[in-house]
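Working notes for the structure below.
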Amino acid sequence: MTEPVLEVSHLKKRFGALKATDDVSLTLMPNEIHALIGPNGAGKSTLIKQIAGGLRSDSGTVEFAGRDVTALGTVARARAGLGRTFQISSLAMEYTVLQNTVLGALGRDGHVMRFFQPVMKNRKLVDQGMAALTRVGMADLATKRTADLSHGQRRLLEVAVALTLEPKVFLMDEPMAGLGASGSKRLTGFLHTLRAEAPILLVEHDMDAVFALADRISVLVYGQIIATGSADEIRRDPLVREAYLGAEDAA
Amino acid sequence: MSLILLIEQVLNGIQFGVMLFLMAAGLTLIFGVMGLINLAHGSLYMVGAFAAAAVAGWTGSFALALIAALAAAAAAGALVELLVIRRLYDRDHLDQVLATFALILIFSEGTRYIFGSFPLFLDIPAALSGPVLLPGGILYPLYRLVIIAVGLLVAAGLFVLIAKTRIGIQIRAGEADREMIAALGVDISKLYTLVFALGAALAGLAGALVGAIQSVQVGMGEPVLILAFVVIVIGGIGSIKGALIGALLVGLTDTLGGALLPTLFATFMEPSSANTIGSAVASMAIYILMAGVLLFKPSGLFGAT
Amino acid sequence: MKIKSLIAAVSIAALGSGAAWADAHSSKVKVGMITTLSGGGAGLGIDVRDGFMLAAKGNENLELVIEDDQRKPDIAVQLADKLIQSEKVDVLTGIIWSNLAMAVVPAATAQGKFYLSPNAGPSALAGKGCSPLYFNVAWQNDAFNEAAGAWANENGIKKVFLMAPNYPAGQDMIAGFKRTYKGDVVEEVYTKLGQTDYAAEIAQMRASDADTIYFFLPGGMGISFMKQYAGSGVDKAVMGPAFSFDQGILGAIGDAALGVKNTSHWSKDIDNEANKKFVADFQAEYGRLPSLYAAQGYDTALLLQSAMGKADVKDAAAFQAALEEADFASVRGKFAFAPNHHPIQDIFMREVVKEGDVVTNKVIGVASPDHQDVYGAECKM
Amino acid sequence: MAREPLINIILFALFPVTAGVAMVLDEPFIITLMTKAAILALAGVGLNIALGLGGLVSFGHAAFFGIGGYAMGVLASHAQSYTPIMETPILIEGTKSMLVIWGVAVVAAALAALLIGVLSLRTTGVYFIMITLAFGQMLYYFAISWPAYGGEDGLSIYIRNDFPGLNTLDPIQFFAIAFTVLAAVLFIAGRLAKAPFGLALSAARQNPERVETVGVAPFRLRLVAFIISGAVTGLAGALFADLNRFVSPTMFSWQTSGEIMIFVILGGVGRLFGPVAGAALFILLEHVLGGLSDFWHVYLGLLLLLVVLFARGGLIGTLAGKETAHD
């Protein structure tokens, strides 16, 4: 067996009486797409934050590329190779689309403390930014102001910024939301090729995409993982059907 | 320093703190509910003091003067809210700082235009003047005890208002979520005007109470304003409880620092330089206190994180 | 516009009663007045200005340009630059505050302009920093305090409690008092500049065994202190330099100030012709009682005009000599310049009394006759 | 799109043109006013690096302005009285050299900004505004109470400091110095905004989470921005002290912080030339309104209010039309 790239063990997080994350363990193997699904309020976003470093866990560990990163913050984890996209777009809205990916390339490059040469004339960084935009099919939008993009376009830009980081692992929080059927389908195809570069931990509501892409699926309900397995296993799991579909019905 | 003197100084610190609380309560309420930094709060304090001095001059009645101070400050507050402040709620802090800074200029020079450049006369009523004998043989000015009592009453009133009344529920809801309260069918702009006027009235009350033992003059609001900001930042912005605790902390630090530090420095320095340096450090003490609190609690003692 | 209208006011009045100053010798002089007319402390500047204009009324040879320094040193410096560079004035005057004077006076005299101080008298300008072109028509900062110390010695004051704000003028005032006072200083307290609450200090006063409180707290600080002191029940005698008990301030303190002793070089009840005329004219012109600042502004204009009658301002040496003569009828009575161009004058002790409904001052004696400052020895000119 | 640069050029050219005309007309005071505007603009440019670019609403920049001023005051007063600043362990003498004074002012202000920044940047929002205010007030009271350098009275320097090859007391020559410094700092600040650092800093203002996610710590960016900002404002303070040949604690007061902030907002936050426009307008208003009435602060207040309420984006923003993207 190969070693997992990302290994989360016994993570816990409480907010007052609410157990947002209740003893969650999961792994992400090389070249794998591991989907995390669950009804609204199950604690997916909290878990992603804990893994990305934005939220301190009460207990448990996060190991990344064989290294315990539990004590590290967002910045250090990003530098170690965690590439994250956000559920609610988290971009520099005043910037152009290209400036956002150049920012990513700059972060990857690491030399932020340069004060004189215009960054948008730095061939290397601009090329990296453009390349990432081209890959998600946004090259023609490069000079557009980010605030003027549609929701779907912002999701794609999130992915493009993550690409510039050349991460060892992608953490993607609902990248398909707002894309529409055809956009969703294109991104699904793209993520499929992306797994060869780095495995993806994918939080997603679009079940078609999840079942088409995921090697393994974990189901999170009330902060607990109630099942992990292949698409077929999850479809058949009675617990999942009850908790998940039951919840869907209720909604 | 004798024990009696120490107790007297502690009382002075509490009195100063309670006075600051009257200022800070309005400021923190306005910030908590509307998210607004109001630098012109000191001007409302000044308006209260001038209104009180003017009415006391005409009628000779301190009670009428207090009522006039409350009314004038509340009216000025409501007016300012309707004309200016309500355009600032969805602006960033920067715009709020500049606009309310502009209001200070207008209020100060406007007051000078109306009342002239010389300080006004406002005295405490005869019934409240002079000292009283406290247990333990401490002689203490009655009026300062009255200020302490009024301040604590206002604090209690505010707690009840916020915890128990309909308005209080609306205020708390407004702090939590503006859209929520609008969805509940509350007229939010009316609520905001009301809260602003309430905060202004408190500042006006403080101005009138303090004006009777200090100088009623243009610009009297700004030093108090800065101190009130220190208070609410220490206490945690938006928290009435924080404002009370913060005010008492600042009051005690300032009073006891001024009284004790020079003596303390004199234990290891020659007296004359101990005096100057001690006084210098004492005048910085509350700012040091504030920086210290923020280092350990970046959102103040009772602030929401 | 404001400036122009003031100039006009002075010269239009001249048409009516010009005869009084139509002296054949009289030379033309352009005066720049920098004083505080807006913001806190504007009352003092307004009084100096009004006093000056009252004395200069009708003199068509005196052109006056008035500027507001807002009590900010940097503004004062820039206004001085403006008056010297653009308006090309011959004489500067008007500054109220020591720190503003320190910012303006050395540069102004270095550029060959006369400066007549109607209020501030920092020790540096009386001693090492003195200048042939600088004349102080008011007092050296220490004067009232030295006189108070001397008076205390002779009036059985044995133990004093001293208080002043913690800034140079405050420290100078206390030092001035201690220079002449021979009794015990039981406590010496420095408060924060601009402090408004004196409960802590009053508590210390109560606890001390001093028989007299001597304090210097200018402007609103003094008002706050006196009101709080009166309510505290501490019954020690109170004394201080005149600044906290001047006419503009007494109205705001009220009865709380009654009985307080304060030293001053002027009082409205000093018995001489010039003073009677001044007090009456000032009330007639402005409808209020004059303050000591108004008196100083008035004397400054009298001094200037006396020199104008003797010499041309363009001849600096002659004009300086004319100023040194101080040949004018001061509202204070006796007035002469010491070699360092600071006044030799009587410092009176006044007491705050009530005349009808008005709280005001009454002279009760001379605290220090022919008082002269101690810094003159360091002055080399 | 090209309107803002055009406005900038006109605005900038207005300084030397006005000063030149004033020289021809023999109105040295106008030159002095333009010098003052240039120096205050410089202070604003400094604040704008923290405020406009970094989103750090510092209400305590008077601290750096004052430190720069006192760097000049202390060095020049010791040189003036021929007394060394310290003799042990090493001899440090005062100086009348403007260049040395600038160096000391910049370094001292930068060190203070480092210290204040490390402590203040742990907080955000209103807390940041207030803690920077608190540090400014600390220095203000310190300067007032400390007797060694004049306390509240301040320090007078009788003659302006020296600049190689120039007569600094001549208004037009001193204007040239101040204006050149402003131009140089504007150039550097313009480059800074477009450099990698500026890109990341401005992104951290727009969305700190974004910057963290690409592996850059906003705290470091902000701290460095705060230091640069403080240093520039410190340099302005040294020049301002030299303009007046005088320093006093007023330079540390919270009103000074407020005024520097007004220059920035009046001109347009985050716009390179915003503080230049703001300072020029402020000086103009002070000069014109001050002559109209004793109560000119009322008009100033009303005008500021109108700008905030109705002219968002400040003077330059209003003149340049709709807000443009920072690129």
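Should a chain be cited, it is by its letter among A, B, C and D, assigned in written order, with residues numbered from 1 in that chain.
Here, contacts are C-beta pairs under 8 Å (C-beta built on N, C-alpha and C of every residue); 3 or more make two chains touch, one makes a residue touch a chain.
A quick note: this is a predicted structure, and the numbers were derived from the prediction, not measured.
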item: Chains touching both chain A and chain B; value: D
item: Chain nearest the overall Cα centroid; value: D
item: Farthest chain (mean CA position) relative to chain D; value: A
item: Euclidean distance of C-alpha centroids - chain A vs chain D, Å; value: 44
item: Centroid distance [mean C-alpha coordinates] between chain C and chain A, Å; value: 75
item: Distance from chain D to chain B - Cα centre to Cα centre, in angstrom; value: 32
item: Whole-Å separation of chain centres (CA-atom averages), chain C against chain D; value: 36
item: Residue numbers of chain C (touch at least two other chains); value: 38-39, 42, 166, 171, 192
item: Residues of chain D touching at least two other chains; value: 141, 144-145, 147, 295-297
item: Contacts with two or more other chains, residues of chain B listed in rising order; value: 108-109, 112, 276, 279-280, 283
item: Chain pairs that touch, as defined at the top of this document; value: A-D, B-C, B-D, C-D
item: Chain D-touching residues of chain C, taken from the complex the two chains share; value: 1-3, 37-39, 42, 68, 72-74, 77-78, 81-82, 85-86, 98-99, 102-103, 106-107, 110, 122, 166-169, 171, 192-193
item: Chain B residues within the chain C interface of the complex; value: 1-2, 4-5, 8-9, 12-13, 15-16, 19, 108-109, 112, 116-121, 123-124, 129-131, 139, 141-144, 210, 212-220, 223-224, 255-256, 258-259, 262, 275-276, 279-280, 282-283
item: Chain B - residues contacting chain D, complex; value: 31, 37, 84, 87-88, 91, 93-95, 97-99, 101-106, 108-110, 112-113, 226, 229-230, 233, 237, 276, 279-280, 283-284, 287-288, 290-291, 294-295, 298-300, 303
item: In the complex with chain C, residue positions of chain D that touch it; value: 27-30, 32-33, 36, 141, 144-145, 147, 150-154, 156, 158-159, 171, 240, 244-246, 248, 250-251, 290-297
item: Partner chain B, residues of chain D touching it in the complex; value: 51, 57, 59, 119, 122-127, 129-131, 133-135, 137-138, 141-142, 144-147, 254, 258, 261-262, 265, 269, 295-298, 300-305, 307-309, 312
